[in-house]
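Below are two complexes that have chain A in common, paired first with chain B and then with chain C.
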Partner chain A sequence: MVQVSRKTRAARGIRVVAPGLSWALIILMALYIAVPMLCAFAFSIYVPTAGFTFEPYLESVRDPGFPGALSLTLLITVLTVVGLLALMVPTMVYLHLRAPRWRPIIEIVCTIPLVVPSIALAAGLVTVLRSMAGFGRGSLPAQVSQLLQNPDLPVVLVGSYIVLTLPFVFRSLDAGLRTIDLRTLVESAHSLGASGATVLRRVILPNIKGPVIFSAFFCIALCLGEFTVAVTLGYRTLPVWLTQIAGSNFRASISMSLLINALTWALLIAMTVLAGRAAPARALALKGHES
Partner chain B sequence: MTPTVATRNAPSAPGAIERAICRIHSLRARAERRTASFWGLIPFLAFIVLFLGVPVCGIVLSAFRVADVNEPGNYVPSLANFAASFRGASWDAMRNSLQISVIAALVGGIVGLALAQAILTTRSRKLSAVVTVLTSVLANSGGVPLAFSFIAAVGNAGIITGLLSLTDRGFTLYSSGGLILMYQYFLIPTMVMVVLPTLTGLRVEWKEAAASVGATSWQFWKKIALPIASPAILSGFVLLFGASFATHASAAALIGGGGVPLISLRIDSGLAGGNLAGQENVAMALGVNMIVVALIVLLIYMPLQKRSLKWFK
Partner chain C sequence: MTLTATTAHPRSTTAARIEYTAVSKKFGDTTVLTGLDLTVEPGEFVALLGPSGCGKSTALRILAGFETASSGTLTVDGRDVLRVPAHRRGIGMVSQSYSLFPNLSVADNVSFGLVVRREVKARRVAKLTSLLDLVGLPGYADRFPAQLSGGQQQRVALARALAIEPRVLLLDEPLSALDAKVRSSLREEIRNLQLRLGITMLFVTHDQDEALAMADRVAVMRGGGIEQIDQPGVLYDQPSTDFVARFVGTTNQLAVARGAAIPDLWVPLREGDHDLLYIRPESLMFEEYDRGCAHIVSHVYRGATTRITAKIDGSISRGSSEIKVDVPSASVTELPIGLRVRVRLTGRPALRVEA
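On to the complex of A and B.
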């Protein structure tokens, strides 16, 4: 979700109350934003019995569940980003180049995830996977269900994370492809003898670098923090693991959650700044469901 | 572009028939291309069917059927799950979710609106640049880290709880009020994000123009500013309501199984107790209810959002 207001208008607008009162409200809001994070940070570096220490961070890393959760999360993140771009970049280019008639339909399809809360999507996946497994051991549906839920390679999580990013990725890539003269680029590249794959890699991709990076960052941020689908389907990703160790060692879980949060925010900040530079007039006011 | 145009031109131009034939050929080619163009979308559509279509159909189908009492293991179509979702603990959860979402949206909407106006009033370019980035980050933040940092601040053993002795004052984070307080973390930035461009677009010149024809400040806001800004403001409230209603992760990390009944947490427990007779299917009905609410939210939000952009192109 990105909202880019035109910079030239930034200093305008109508004053209703005194600037002093406005600053007071802004400072109050800044406190509301900062205090929980600062408290969490204090929790992670100060232990009443031991004083200042990095022990909670070390404890979280030493937890026996950590390596597994980290590697699972990283694997899912990499697969989701690669899968998302491999699916959506060619599809969007194709849509703009060859099938513009289908664009409104694809746009609606890509908006549907916004009306399916992630807990509902997870519940739907659970019921489908359960009833497929219910066909009995060795039957085809049961085998597909097992394949999708492979604990080492949870295809079902990768697929549902791609679905959750679609509303944002569609809009971002769509806006990016509108700003370039795709047809001319492709036709001139073809006339110079470039193959389809070369055109995609060396002509189109460099021209939509901004939206592609935006999509990738948004997707990474989602994969690192997503909790609902993972916990409902019974996977121990980092956020799920955090809630599991919180009961026994809250300081350790809060240290790791701060690190993940910092990384997510950095990605989202980079993404927003980038999107602001790439498409200043294009506003995307959408709210994701990953809260 | 159409054949009728070609026939109308036919008597006057000698090459018209050839041209008409050409046109018909190109039309056929276009129709063929239309079907051909569909094939390139197959991978995408197959993916959508598998990971979005199947689960959504799954949840809807499960919601509309119950276990057959006469033949164990078989199912019959029924509305009993929906009836059950509007009764007892499920209804409590749904009602509480709706209530929390309305209050959270009102609080977040009003504070966000005031904050957006405050940001404008400062006329600081630096601030508005920071706000643009921060709102889109915070509106997308949440989940487990949000719940944890609120526990660290105002939870039972939280730092602020200790400093202000909040527990003695009757405050607890693990309540509907606590959830509403926590949701503001992403709701207020969302509201600012939605209304700031519109409020920024209300020009000082418009107010001056109104004043020059004798309008009071009150009349300007009532007759000009509010009608222009109200679609954006309303769409903000609707979006906040939808966002709080759909929230699961941060609430689950904070409340877990017990404490505050919420529709999203109720689906959780329904799924976990799947072997308990019928509970899983009631959870599916609750899921369908959530989808319906989210759909209504989007159907109200999108036209309002479109209308709010009308004045600022």
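On to the complex of A and C.
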């Protein structure tokens, strides 16, 4: 009897071993993430000479560079998310419907940013922008170069961030489109009288909501934290401003980076909740089967 | 809500006439349709039947607007539709499976075409109710596709396609993903619905039973063109080519001397010029006979009848080496496996060709 039960337990293998091990792993992971943040938090609110205080937070917000850096970063973030989705969703749908043979090539192209260090991307951009400006004041390339680098609306940063998110967004949308019977759905919608834009809005988007939300979140996280390209091209985004004030007020910079971190986490949680709501049909279906 | 008898069901008052004229389709080097000519009369139900790769689905998809034609013309009620985009053709379509929008409820799926057309809500609701009644799913409006069986999903797809009151309804193997029982009941329902609404229907299938049972006329397709188009009975009794004779129903191919009269008792022809007779299993009989040319090898019980197969002795150069005959199941015991038999013709052959 005992042996039989051991055998069946062994057959289930992982399930028997897992609970203890998985909890250990989760705790280890939580510590790995939480300890540095808790230390930073403690550092930011405890000043040895003055005791507990929120002064560093107030200082960081009061810094004259803060409003500009924040608004620039938010502007870039919004434009990047909109640009990314406007570019990638129709492209991926077209790829799946009309040009499946091109998929491997596009996949490789979209993966390149993953293997090219962002400093190389930034250096390449600087070279190109400079050589365009080199055509001389008033020439078309110089004007384009200037337009791209407009300090109030740095198109070049938006473009760079779109490129940097491509590897993840490609995979996410690709997987999402594979799970639905795209061709049948699109053709059904067409035969019911829906034009291309209506099909995209009413049929495709709702059925790849999860991957679209993931893409948007990933893009937001990248825009809030990207440093290399922004600093190389000379823009004062939030992370760049943060490293600059770190020299003069280290405690304030730590408190600000904690705030950004918290914002990112809040976004992640919000997105996860949204994505969970994105599949009401499935949840309902499960409930229906249970009853 | 005041629903009169005429608005209760979306009767199609404008059943359309479809005319394919020399429609060809090439994908790169392969020709899928070779000058297809086909006319479907208003209110007619035509099935396109053929093996996979014969071009039947492509013919349908060109009419739906999902493929372009390489050449030829295609008109609906005399108007050329080839340059009209799919979403403006007003042609309904039900495809194989999984075509319902998974994120929308049954009600929203059925109303989709009406919402896109900006119909007023009161009319949408009235139509939804009558359509769900029509396909036998009243009370399912709030379900989601994942909660429905395959047969129910196809009914919803049918209601959804009918909601836009299409001039033509296309069905692309709508039953092939369903199990046998649902398939046969839905087959009848679709036919009844078509008769009731008087809508022009074009139906693609590789299942000959389906085509013969449902359609007014069946077009047997082969290699991108129509081999024969006729009423089911004509197709079965008078196939015009050996391909049709073999593809539709079961046939035995018996060789007889060239030009010879059709014999009562058939004996294998081992040499010389000959013709092939294509004979249905119900037009033949086995008789116990000690010096018969064949012996019985198998019985397949099919309910009222049993299909008995006999193997012809020795090798024969032309025709079938096995002969299949349907007999009433009650008389099967008279023809046990191993029994030596001769073959008697009780009906006329469906087709005779020079071999």
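The rule is short, and it goes like this: the second predicted complex is superposed on the first by the 229 of 291 C-alpha atoms of A that agree within 3 Å, B and C clash if a C-alpha of one lies under 4 Å from a C-alpha of the other, contacts with A are read in each partner's own complex, and residues count from 1 in each chain.
Here is the rule we go by: contacts are C-beta pairs under 8 Å (C-beta built on N, C-alpha and C of every residue); 3 or more make two chains touch, one makes a residue touch a chain.
Because the structure is predicted, anything quoted here is derived from the model rather than measured.
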First (chain B), second (chain C), both or neither touched by A:37: first
Partner chain(s) touched by A:21 [first = chain B, second = chain C, both, neither]: first
Which of chain B and chain C A:243 touches, first, second, both or neither: first
Partner chain in contact with A:180 - chain B first, chain C second, else both or neither: second
Which of chain B and chain C A:74 touches, first, second, both or neither: neither
Partner chain in contact with A:206 - chain B first, chain C second, else both or neither: second
Touched chain A residues, chain B compared with chain C: B
First (chain B), second (chain C), both or neither touched by A:195: second
Touching both chain B and chain C, residues of chain A: 285, 288-289
Parts of chain A lying in touch with chain C, wherever the complex brings them together: 180-181, 184-185, 187-195, 198, 202-203, 206-207, 281-282, 284-285, 288-289
Interfacial residue positions of chain A with respect to chain B in the complex: 1-5, 7, 9-19, 21-23, 25-26, 29, 32-33, 35-37, 39-40, 42-43, 87-88, 90-91, 94-95, 98-99, 101-102, 106, 109, 111-121, 123-128, 130-131, 156, 159-160, 162-163, 221, 225-228, 231-232, 239, 242-243, 246, 250, 253-254, 257-258, 260-261, 264-265, 268-269, 272-273, 276, 283, 285, 287-291
Contact set on chain B toward chain A in their complex: 33-34, 37-38, 40-41, 43-45, 47-48, 50-52, 54-59, 62, 111, 114-115, 117-123, 125, 127-129, 132-146, 148-154, 158-160, 183-186, 188, 190, 193-194, 196-197, 199-204, 207, 225, 239, 242-243, 245-250, 252-253, 264, 267-268, 271, 274, 280, 283-284, 287-288, 290-291, 294-295, 297-298, 305, 309
Residue numbers on chain C that touch chain A, as the complex places them: 64-66, 85-93, 95-104, 112-113, 116-117, 143-147, 157, 160-161, 163-164, 170
